[in-house]
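In the two complexes that follow, subunit A is the common piece, with subunit B as its partner first and subunit C second.
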Partner chain A sequence: MLEWILSESFLTNVIAYAIPIIFAAYASLISNKAGISAINIEGAISVAAVTGALVSHFTGSWVIGLICAMSAGILMMMLLALAALQLRADSFLSGIALNTLATGACLLIVKGVLDGRTDSSTAPSVPVPSLKLPLLSDIPVIGKAIFSQNLLFYLMLIALALIVLLLNHTRLGVQIKTAGYHPEAGESVGMSTRRTRAIALMICGMMAGLGGAYLSMASLGYFSAGMVSGRGFIGIAAEAMGAGMPIRTTLFALLFGAVDYFAVGGQTVLSFPYELLNTLPYLMTLLALTLYAAAHNKRKRG
Partner chain B sequence: MGELLCMKGITKRYGNGVLANEHASFSLREGEIHAIAGENGAGKSTLMKILCGAQQPTEGTIELRGKPVRMTSPKVATSLGIGMVYQHFMLVDELPVYLNVFLGVEKRRGLVLDKQAMIAQTRALCEKYDMPVDPLALCGDLPVGLRQKVEILKVLVRDAKIIILDEPTAVLTPQETEQLFKQLRILRDARHTIVIITHKLREMKELCDRITIMRHGKTMGAVNACDVSEQEISELMVGGSVRLKVAKADVTPGEIVAEMKAVTVPGSGRPRLDGISFIARAGEILCLAGVEGNGQQQVIECLTGQIDYRGSVKVLGKEVRGQSVRKIRDLGMAHIPEDRMTMGTNQRASLHENLISVDFDRNTVAGFLKSRALKARSEKQLKAFLVKGEIQTPISMLSGGNMQKVVVARELSQHPRLVIANQPTRGVDVGAIAFIHEKLIALRDAGCGIVLVSADMNEVFSLADRIIVFHEGRIAAEINDVANTTEQQLGRYMLGIDQMKREEAAQ
Partner chain C sequence: MKKYLRIIALLLCVILLPVYAMAKEENLDDGVVRIALLISGDLGDMSFWDSANAGLTRFSEDHPEVIVDIIEMGSSDTSKYESTLTKTCNGAYDLIIVGSTDMREPLQRAARKKKYADRRFIIFDTEIKDGQAVDYPTVHSIMFSQNEGGYLAGTLAALMSLEKGAANTAFIGGTKNDIINDFGYGFMQGVRDANAARGIDIGAYNAYIGDFVNSPKGSSLATSFYKSGVEVLFAAASQAGLGCIDSAKNNDRLIIGVDSDQYAYYAETDPEKASHIVTSALKRVDLALYNCCEKFLNGTLTYGDLEILGVKDGMISLVENDNYNAIVSEETRAYVTSVARQIAEGTLVVESGLKRYTRQEALNTLFDSLDPTK
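Let's turn to the complex of A and B:
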């Protein structure tokens, strides 16, 4: 087992499994910073995944597929904005409703578009290519794990840099933090909390869209119903563990990715009932959130 | 001559019918420090919120430098050079000082924040006005006095010429107050015009050039601070208005219903209560008087089991410490809280649900509510207390006065032996005031002890059998002969000008 964990492919696979979780965590980070929880990240990823797969399949272009996947993520978050910001519904309940809607919508879209041509719940895609950086990819171990990854991995690094820049060095960043920490203070100087939160949700949708695209256009070459399987929620948990700090959030998402891969990869390597292994990511989430809540309460009291 | 700003005929009526301002007028001269004085609820804050665009007047006009203006939002007021320092700071604790100062008007270089410029400008302002604030510190880490300075910087950076401060000294220590006054004078000398909302006489005399006095939502005119004595200001604030006459039988004090012995409640800086001792007896109305924030609130919180304390607090013979609110109530205490919106009522429930909220669990059969009996009781209570509303009406539909009558109905129907009434008639119309007063007196005559907190002089004098005056967490005076005490004398105790000697108080 140790041999397996220390192997080169383990790290490569952990990163690959972590990417959608990381995108989901970034989505959660931006919305939470602005003071609105987007529990429908899960559903947005799903809709983005099906959109990316189908659009790339029919246009033959992964670029257009990727753009449409992001747009689909944004659209799902705009629905949340409409419900929670415009119509003042509870954001949590709206999010749950939108998740349910997303599950149904994905099946309907696949069936409606592809019925009769392939398995009615899977849709093929044109994959996003991998990128092998010259020289750097020849470095042992990390060369393969970091420098010959899918293009979306590099986009993720860029997203991380942009988020850090956005939050710490732009006016929008100040507005987002104000909307999250003390909206009345913002309102008293003429900021619109609603507008800021809507913009944050757009960025959140974009991140969810990238996560979805990764699942159906990079991780696998097709969309299948249920392929998100809680990664959106796990991303939200990772963000909670990272306490809203971008780097820490990324590291926790990586950890969750590792557990996720451990459960899948371990099925062939380890002599362990795979049903139990499959529960690992969820047990981990549960444990993480419990620890988070405990730490959070302690901080509040102290 | 030099008239910078003028508000005329300002009337503000809230949705629930409460009249906060009635034909109030106010004028401001360039480069002066002007106090808006008045008791709590006199309408000072409302008038200033209208001036800085946070609220819209029902009637009235505002002129700035002779031109009519409409303050439709805080942003408009800011662009016209009017800035407000709120009593509850509008700061983002998680952001550094300089970003708070520039909140909403951040400086940028291209798309990126120009942090260096903002830090430098904050630092320059701090030096110019002698404020020892570190631009890079997180706001949440600063003490209250410095946080207030950040608020002032925030207003300055927006180029405000008129700066309004809402009760700026309420949260400050004497030393911080001294500092603030120094800075406000520096600002005035730099041609800023300053308005401070206050009810502290000393501050008006010491700091201000002119004083506008408000009472019951109306302005009583403006005076030069040097022309009037503190005595005269307090008379104008309190008013020599006729006392509401309430027929009252003589007191026949009975057993002790509440007792405090050397009670201390710590606070930030000076203690909120500092060695308070007193007793309240059955069959009398004991009034805790004082300007808000001098300890009356903490006495109530001690008596009703809401905060911890040092010393001894006994209610109906039992030490309060460690007991739940429910247990204390079960002894026979009723509590009319100050804030009917958050503590007094459940705004999302009906009148009936609010009325039964204190004892529904004692009216059950095998775990089920005795619905019919309770409904009949609620109907009877509404009728007895002249509440305009049906039992199923959501309480949020009621006016302030009717809502308060529901609270009073519920509390006084519990056959209490001790009633704690905290500002029972605040924001309530005259008719309801008289009604609530009658009910309280009827209970007292029936042998119930009543502890009343009130900031309303009329109420104090028409109800109290005995008055304890609080000032800065201590008892400034204990008045047994209420009939022969003047409002002016009470006012002097409340404001800390006079203090009764211990022996005198003991008599």
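Let's turn to the complex of A and C:
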């Protein structure tokens, strides 16, 4: 078992499993920093996935598919902005409503476009290519896992760098953090909290869009209803455990990816009962959130 | 005052009308035959439900005088199933067809009601109550011997693995439910018997996706089997199983489909993907329902009984299309055909994996004896 966990294929698979979770976690991170919880990341990923798959199929270009997937993610977040910021509805409740809307909308879109189908497997998407970096990909163990990945993996690394840069070194980053920590302080110097939060939600939607595109244009060659299966929520949990810190969030999302892959590999490579393995990601989330809450309370008291 | 009266009258109408409509079941003696099919899932699964839909659609084309309504209830909200069934029973339907274990209890309750005594029902892919079909004199139950389909798939998978030089094959199921166990148990028996007949030692992995919709997981399960040297595998997992087919295409390996001819679905839109589907273990839900509707029209359909359909009835078989003939060697094809003939003649009996016939321990013993990870 240890041999399997330390193998190259294990690392490659863990990263592949973690990518959509990491994007969801980044989406959650940006919105939480701005002081608005975007519970509809799950739904935004789903809508982005269906958009990316169909657009790339009909235009024959993964670039256009990717851009449209991001736009679809942004659109879903703008709906949240409309409800929660413009109309001042509760962001949590609006998020739940938008998730329900997304489930129905995805089915409606696929059925409308593909004449009564619930998945787009007869209209295969144009996949986002993988990039193999010369020389670096020859390094043993990590070479293939890190330097011979899907393009979206590198986009994820770039997103991480940009998020760190944005939050710590730009005016917008300070505004976003102010909107989250102390909106009144920002308002007192003339900053519009609503506008800042809307911008944060746009970035959040973009991240969710990339996560969706990864699912339907890289991980699988088509969209099917139910393909997101909780990855958006798991991303939110990873962000909560990362306590809003980008690198820590990434590591927690990777851990979730590892547990998720363990549930698959544990059946195929080792021999564990699948009922037990399938509960692992959820058990892990519960355990991690409990530990997080305990640590958080201790920090508060201390 | 007048205004209020009006509003109250209107409200009463609004409240009472549906109550009245719900309580009043429509009369059947109008000379028109009406048949309803309730889909307790989503159409577009390219297997089970699409097959049922195809059967009824063909029947309504051949019998334009019969009104056929197909009602799709979706898979997301199972709480709708019973109320939809009640509503359908209240409509003027002479025959109501439902399928899968999800509909068992709702139908048990509906069929017991006196006011629906003149309605006739068909439930397929399960028995209305295990071993007690006779207690429901208006219900005809249909079950399929999917273990025989699994057996043929297992035989083929073992022989093809031998041809391709692979040490193992694999079975991927949706969840460990009765029907999937039946497929899996049949598959493992097929592998075991092919091993014994040829003096070979092909192993068979088994894995479960955990539901029938998580297609990325289906894809990665299949990928990890293919990466560990499997050349051909069998997936019985509805929509999630389509993810396995995606993986077969990406890894350039082979897969055996399930329920409907999955090669035919992809042949036009994605010929490359289709070419990786050796064959499919057919379960002719369409044909079974079509025949039942015919019998219903003739008045020869029987009730309060269970009909089990298998290879001998032509309801379970492997698809023998051009792709199958191109990929599989003549010798293997001949062997699989002879096995199918033995099953049809009754000289070869495939044990059922349904829990009322075989205990879970017996299933596990066979699965484990072939599992290379054990």
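By definition in this document, the second predicted complex is superposed on the first by the 294 of 302 C-alpha atoms of A that agree within 3 Å, B and C clash if a C-alpha of one lies under 4 Å from a C-alpha of the other, contacts with A are read in each partner's own complex, and residues count from 1 in each chain.
By definition in this document, a contact is a pair of C-beta atoms (placed from the backbone, for glycine too) under 8 Å apart; a residue touches a chain by one contact, two chains touch by 3 or more.
All figures in this text were calculated on a predicted structure; none of them were measured in a lab.
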Practice prompt. Could you look at A:Thr290 and tell me whether it touches subunit B, subunit C, both or neither (first, second, both, neither)?
Written response: neither
Item to complete: Go through the superposed model and pick first if A:Ala225 touches only subunit B, second if only subunit C, both, or neither.
Response: second
Worksheet entry | Per-residue touch tally on subunit A - higher for subunit B or for subunit C | C
Practice prompt. Check the residue A:Leu215 against both partner chains and state whether it touches subunit B (first), subunit C (second), both, or neither.
Written response: second
Worksheet item: For A:Thr170, is the partner it touches subunit B (first), subunit C (second), both, or none of the two (neither)?
Response: first
Worksheet entry | Which of subunit B and subunit C A:Gly190 touches, first, second, both or neither | first
Worksheet item: When the two structures are overlaid on chain A, which partner does A:Tyr181 contact: first (subunit B), second (subunit C), both, or neither?
Response: first
Fill in: Complex interface listing, subunit B residues touching subunit A
54, 73-75, 78, 86, 90-95, 99-100, 103-106, 108, 111-113, 115, 154
Discussion item. Residue numbers of subunit A touching subunit C in their complex, please.
Written reply: 9, 13, 16-17, 103, 107, 111, 116-119, 121-124, 215, 219-222, 224-227, 229, 261, 264-265, 267-271, 274-275, 278
Fill in: Partner subunit A, residues of subunit C touching it in the complex
42-46, 76, 176, 205, 207-208, 210-211, 213-217, 219-221, 224-225, 227-228, 239, 242-243, 245-246, 249-250, 265-266, 269-270, 273, 371, 373-374
Worksheet item: Once bound in the complex, which stretches of subunit A touch subunit B?
Response: 165, 169-171, 173-174, 177-178, 181-182, 184-186, 188-191
